[in-house]
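Okay, so chain A shows up in both of these, paired with chain B first and chain C after.
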Partner chain A sequence: MIKDFEYYLPKATEQALTLFSKNSAYKAGGIDLLDLLKENIVSYDSIINLSGIDSLDFIDTEIDLKIGAGVSIQKIADSQPIQKYCPALSESASEIATPHIRNIATLGGNLCQKPRCWYFRSKDFDCSRKGGKVCFAIDGENKYHSIYGNQDGCAFVNPSGMATVLTALNARLQILTKKEIKTINLRDFYYLPAEKLTCEHKLNDGEILLSVTVEKENLLRKNYYCKIKEKQSSDWPIAEICIIGGINSLGNFENVSIVLGSAAPIPWRMIKEEKKLEGLQATTKYIGNVVESSFSDANPLRDNAYKVKLFRTLLYRGLCSIAGLESER
Partner chain B sequence: MNKKEKVSVGLPDNLREIIIEIPEDEPKPWDGKSELNYIGKRVKRIDGIDKTTGKAKYTFDVKIPGMLYAKFLRSDFPAGTISEIDLSKAQKLKGVYSVLPAQDDLPLIIRYAGQEIAAVAAETAEIAETALQQITFKHTTSDFVLSVEDAIRENAPLVYQTTVKEKTTEGDLDSSESSVVQEGNIRGPKIFPEDENAEKFDDYLRNCEVIHTAEYRTQVQTHSAMETHGVVVEWGSDDKVKVWASTQGTFSVRNDIADYFKLKYNDVRVITEFMGGGFGAKFGAGLYGIMAAKLSRATGKPVRLMLDRKGEHLSVGNRPDSLQKLSIGTTKEGKIKALKLISLGTGGVGTGAGTSGPIKNIYDYEKIYVEESDVFINAGPAAAFRAPGHPQGAFALEQAIDEMAHKLGIDPLEFRRINTTGNYIRQTQYVLGAEKFGWDKRNQVPGSIKGPIKRGFGVANSVWYYIYNKGFVATVTINRRGEVQVINGVQDIGGGIGTVLAMIVAEELGLEPDQITVKIGDTDNGFGPASGGSQTTAGITPAVRNAAYKAKIRMIELAASILGKTTDKVTMEGSRFSDGDDISKSLSFQQVAAKIPGDEIRVTAERRSDNLGREEIKTTIDGVQFADVTVDTGTGVVKVNRIVAVHDCGRPMDRLTLESQINGGIIQGISYALYENRILDRNTGIMVNPNLEMYKIAGARDVPQIETIIMDFNQAMNSTGAMGIGEPATIPTSAAIANAVFNAIGVRLRSLPITPDKILAALEEQSK
Partner chain C sequence: MKKDKPDPNSVKGISRRNFLKGFGITTVGAAVFESGQATKNLKAAGLLNVSDSIPIEGAKMILYVNSKEYSVHIKPKETLAEVLREKLELTGTKTGCERGSCGACTVLIDDNPVNSCMFLAVDAVGKQITTIEGVASDENLHILQNEFIENDALQCGFCTPGMIMSSLAIIKKNPAPDDEYIRKNLSGNLCRCGTYPKVFQAVIKAAKG
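What follows is the complex of A and B.
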């Protein structure tokens, strides 16, 4: 049962800031929050609904690409500038959940949602992420869990499709605190379980995520995005990849950014592979070599080793796509 | 008194005439030459608008002043004993009216996580939920088993210390309790044929020229109807009980409640006006029905007890899993000599895991041997589920058949053809289906397509049975204003039986379906069939047509008296009655009705046995489905592109709702093949996906192009000749998909659901 709470609908971010008290939560679309409340995973004394704040709902392409945290996922999918400047982001948005959810869910909510791990989401399991002692997934049903970052007492995967793409685009977050508007690089935003076990990101209580910015230099580059789901209607991905990069005039890879989703508790950057690719001639042979040597550092659990094979395919296909080559895999 | 009629039976392009004998008060059966206005045509649901606009009220929507909301407390451990329960704190909570234990006497043995412990009735659902948290109990936990493999190990913890008697419902095929032994957690085996000697059979099998043996596995599929199980019970101060139930059998709910509380059947009324789906688990009152009635009796208020989705997944039924070892022995030419099935399956704490229907009933064979056993584990009980045992059985059999064809180098469809030669319906289905599907365009060498994305075709047979019960009573009334009603207790679980009844009465009386008022879903309306075994239409339609026919005769008699003629001189054209000697003298339906003495004509007719003194009526319902799939060998994702389904089901009534049932069966079959899976946490026994987010069900984007061929098969065995389709359509889909996957990638997936991880593992295994 949902415990009674105070409910506020402020019109401005400043008002929302002052309304926040000790056991409050901000709500945007509420897709995640309401589920957590209904399942008794969280409870709050007051809930402050941000969806009445117009200043959070904008897409600005004047210099950089700047998207308000309150923009709906569907708007991101439909936005023509986004389709033009970073198609991976609109593709990812269009693959999220269902039309109903995309119309209500917001960019901010998508980035900040809690883990979708079935042990975390069930009241029946007092798991480590809820403050308990055990990660039930490590020795339990872990087909949908992480292959990286799972050795520190929690094996969930970051569920945010937006985060996968925006991490590859090296986006920055603008966050309103009581004192200032601070900026955090999305690549530094999420915590690994080793850093914090019961908190996923650096948006502190009482702070409001205002917007996400992708710098001009990261727009209009080559994009590859692919999300693999077991079923095509409304499902969480089992693997996701976003590659942003380029091929220089010599036909070599240049400044490639590779991020995996549904692989780790954070959007998982393939930094080693990025380095290997820098300056590498973009041929299927060299791509194959990079892919072959990748994932040796993954730590699959009993039921999710298939993800390694899956990610290898996605990496291969993605790099071929960036290079304009036909994939044989 | 009987009369003789000449009828045309068989398939439309191959009709033959036979003489049948039927009761005097029944019309000549519709046959292959009947020219009809509505029957066999596409008629939209009479309640379609009500359903799509929300005007239709389901049990879930029932709200009565003063109604209380009830909820269950469930165990969160899979095995143990509750020795004491303290309900007092919950009872004291403001807004709580009654708290009752799920079982009157303690100790309460817990056999699965999710088992009901107690129920609360309170002013609001929220108060009930809070009260549940106030219930405390003393308990011990014990060791548990969660899989067939674990349960059959020596010294495995026992789920039951006592012998279990099989419980069956109208959804189950075999309700005869034979002497089955129970040892450890194994109940069985049931052996078929009972007198067959296993060793002798094995000798026979070993001597076959070509032998194929393999193991096949299917998963547990939970019931996921849109509307969950539940009731609203109003226990009156006069001890008359009114129940709104989301049920497939209004009368079975009535009987359970009346039996349990020792009430007269006549004092219990069950209403199911609209119903949000059921696949075999919604028969009888269920514990939820009994508890709601107890709570209503205790409080003197109406009580609503609808399960939440979690309760639905955990406690009210599922399709058992299976582990089937199947062998086929043939001649070099491909004639099947021997079939053998050793089947284990678990219905959790329930029974009904047999899978032998398809192997016994599809192919010709010389010898067969079947051993099938139920294995108990600490998980929620099974219940009948859309063609119990058959999707599991077909998944194993139809893949084994495919594997054998491959081994013999015979086209899989041809192999099926030469082993079902005695069944001309099947032979026709193969031809029709293959042509529509384009079977000749399939990839001849499995796995040979170049590139990572591979397409494949597969085929699979299904079998179901013509089942009907007798004694259903349909009433048709015509009043002085010419208004017509059809009345029966049958519930419409979504198949559209209400529409079909209107069509039948309209057809018989020369009216239009929307002129007929349909009153169904109420035990006060006369005995109607339970919707299990695909028997609703076959069960009730003959009674309805016979009643309409009787009403028509009464109208003709009335018209004759008005026209001053004998009845044989009155002809009926549409709904007009004419003087046969002078066509210009005619009366409208309303004009005749206006002369009805008193208020109305009210006639009833009963569902009798099918025509007597006939050559044998074909009692299997056959079907074949073709699947076209694409497999991405890099990601393991399977996409079903197209299904062509060919089914016979007697004489089609409403072709539109019939197609709709086939579509639904296929979609559920795809869901079973690729997605659905109950997952129990191996360490705690708790289901980790008791929702519709992680218990994955096919959605709109997973539905392929579906094409159906419905064969009109006339047997004129009763006045309508209808048979069932609800179950047959879901049986072969998963096997056809599995065979198509093999055709695409050249590797067999012998385990359901066929998920990307399994595809990738199988491909890796193959490349080694």
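What follows is the complex of A and C.
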């Protein structure tokens, strides 16, 4: 049973800011919020629906790529400029959930959704992310949990497919607070459990995510995106990768950015591998060497060591694709 | 069932279904109007701007369903699926998982398929809602419904209203959908009997007309 709440439908972001009180929540599509309300994980006195605010629903490609936080996932998947400038983003969008959910769920909601961990989503488990003392996943059923960043009392994986790609694209978020519009780099947006255990990101209560910007220089670069699911049709990823990069005139890797999804509580950047690739000749042999030496620092749990294998293959395929080489794996 | 055995679904000759239907009518009292009339009535009562803020106890508002206007009392926490089924008595929309996974509750909002179980009824105010009850016209079944029958595209039938609604959105958007397009766009509808191949076949035939 959902606890009763008041409902507001503001027409402007400023009005939405003033409507926020102590136990309020903002919603856009409301898919994740309704799920949490139905499971009695959260309850609010008032819910402020942002989907009546037109200024949050836009895709602008004039200088950089700027997408309003209220744009539906389906719109991102269907947008021709996005298909042209960053195909990984439209591919990722078209792979999210089901057509029904993509029609309603928004970019902002996708970036800010709560963990999908089944212990977190069940009221009966007073887990560390809900303020309890134990992470039940670390010694429990952890097939879908993290292989990185899981040694500080919580093992969920960041569920946002948009975040995987936008982190690789080094996107920035514009956030409206009572005082200003602040900008946060998406790469700094999410908290590891070591930093904060009961909060996933830096969008504070009462603040509104306005838009996401990808700078021009990061558009039109080589894109690779792949999501591995258990089910062929709609499903959550068990492993996801996005690689954005280039090959210079000498045939060497240049400015490669690699991000794993469903690997860690945050979109997981492979910074060591990025450094190894810089200036490296793009051949299957060298790519193979980089892939072989990667993931030695992963910390798979009882049931999810399979992810390391999957990610190795994805990394190999992705780098081959960026280099324009046929992948043997 | 033998005649002398009491029907477990019946209390003093009232079937469970009719009892619930009667209950709905007497206590909830949603009113149906031809297009335009309900809006006029609410305007006269000064209630039309109620959607800017709705108190916990809810308010009377208008839903456009299958080209009719329903004046109905809605609480903010009620989902569209609940209101359709329990207040408007449009029980063709089914609720299965209640979490947006199975698609049994699929309705069209402005021609797009959505999970009505994950959609607040108050968010549907002002939008065109189409449910399975609005697919056939008068006595004539829609071509999709005919093709579902012809192609044996259902077994238990629980997923069928949702399947039809998603299929309707498919053929409205794409007059010549291929197998891949249909699979992708029906991926939000689960059929536990596994009748998918026949559903895909029915949609292809319906699209061809």
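Simple rule for what comes next: the second predicted complex is superposed on the first by the 329 of 329 C-alpha atoms of A that agree within 3 Å, B and C clash if a C-alpha of one lies under 4 Å from a C-alpha of the other, contacts with A are read in each partner's own complex, and residues count from 1 in each chain.
The criterion applied here is as follows: contacts are C-beta pairs under 8 Å (C-beta built on N, C-alpha and C of every residue); 3 or more make two chains touch, one makes a residue touch a chain.
Please read these numbers as outputs of a predicted model, since none were measured by experiment.
Asker: Between chain B (first) and chain C (second), which, if any, makes contact with A:26: first, second, both or neither?
Answerer: In the superposition, A:26 touches no partner, neither chain B nor chain C.
Asker: Going by the contact rule set out at the top, does A:139 touch chain B (first), chain C (second), both, or neither?
Answerer: A:139 contacts chain B only, not chain C.
Asker: Look at A:234 in the shared chain and tell me whether it touches chain B only, chain C only, both, or neither; answer first, second, both or neither.
Answerer: both
Asker: If we overlay the two complexes on their shared chain A, which of chain B and chain C does A:49 touch? Say first, second, both or neither.
Answerer: The answer is second: A:49 touches chain C but not chain B.
Asker: So in the superposed three-chain picture, is A:148 touching just chain B, just chain C, both, or none of them (first/second/both/neither)?
Answerer: neither
Asker: Given the touch rule stated above, what does A:101 touch, chain B (first), chain C (second), both, or neither?
Answerer: It touches chain C, and chain B stays clear.
Asker: Under the stated touch criterion, which partner chain does A:7 make contact with: chain B (first), chain C (second), both, or neither?
Answerer: second
Asker: After the superposition on A, what does A:122 contact: first (chain B), second (chain C), both or neither?
Answerer: Only chain B is touched by A:122; chain C is not.
Asker: In the superposed view, which residues of chain A touch chain B and also chain C?
Answerer: 2, 98, 233-234
Asker: Would you pull the chain A residues touching chain B in the complex into a rising list?
Answerer: So the residues of chain A in touch with chain B come to 1-2, 98, 118-119, 122, 124-125, 136, 139-141, 143-144, 228-235, 238-239, 303-304, 306, 309-310, 313-314, 316-317, 327-329.
Asker: Quick one: in the complex, what on chain C touches chain A?
Answerer: On the chain C side, the touching residues are 51-57, 75-77, 79, 98-101, 103, 106, 109, 112-115, 118-120, 122-123, 166, 169, 183-185, 187-188.
Asker: Within their complex, state which residues of chain B touch chain A.
Answerer: It is residues 76, 113, 126, 129-130, 451-452, 634-637, 639, 674-675, 679, 681-684, 686, 688-689, 694, 696, 698-702, 755-757, 760-761, 764 of chain B that touch chain A.
Asker: Under the touch definition given earlier, write down the residues of chain A that touch chain C in their complex.
Answerer: 2-10, 30-31, 34-35, 37-38, 47, 49, 51, 74, 97-101, 103-104, 233-234
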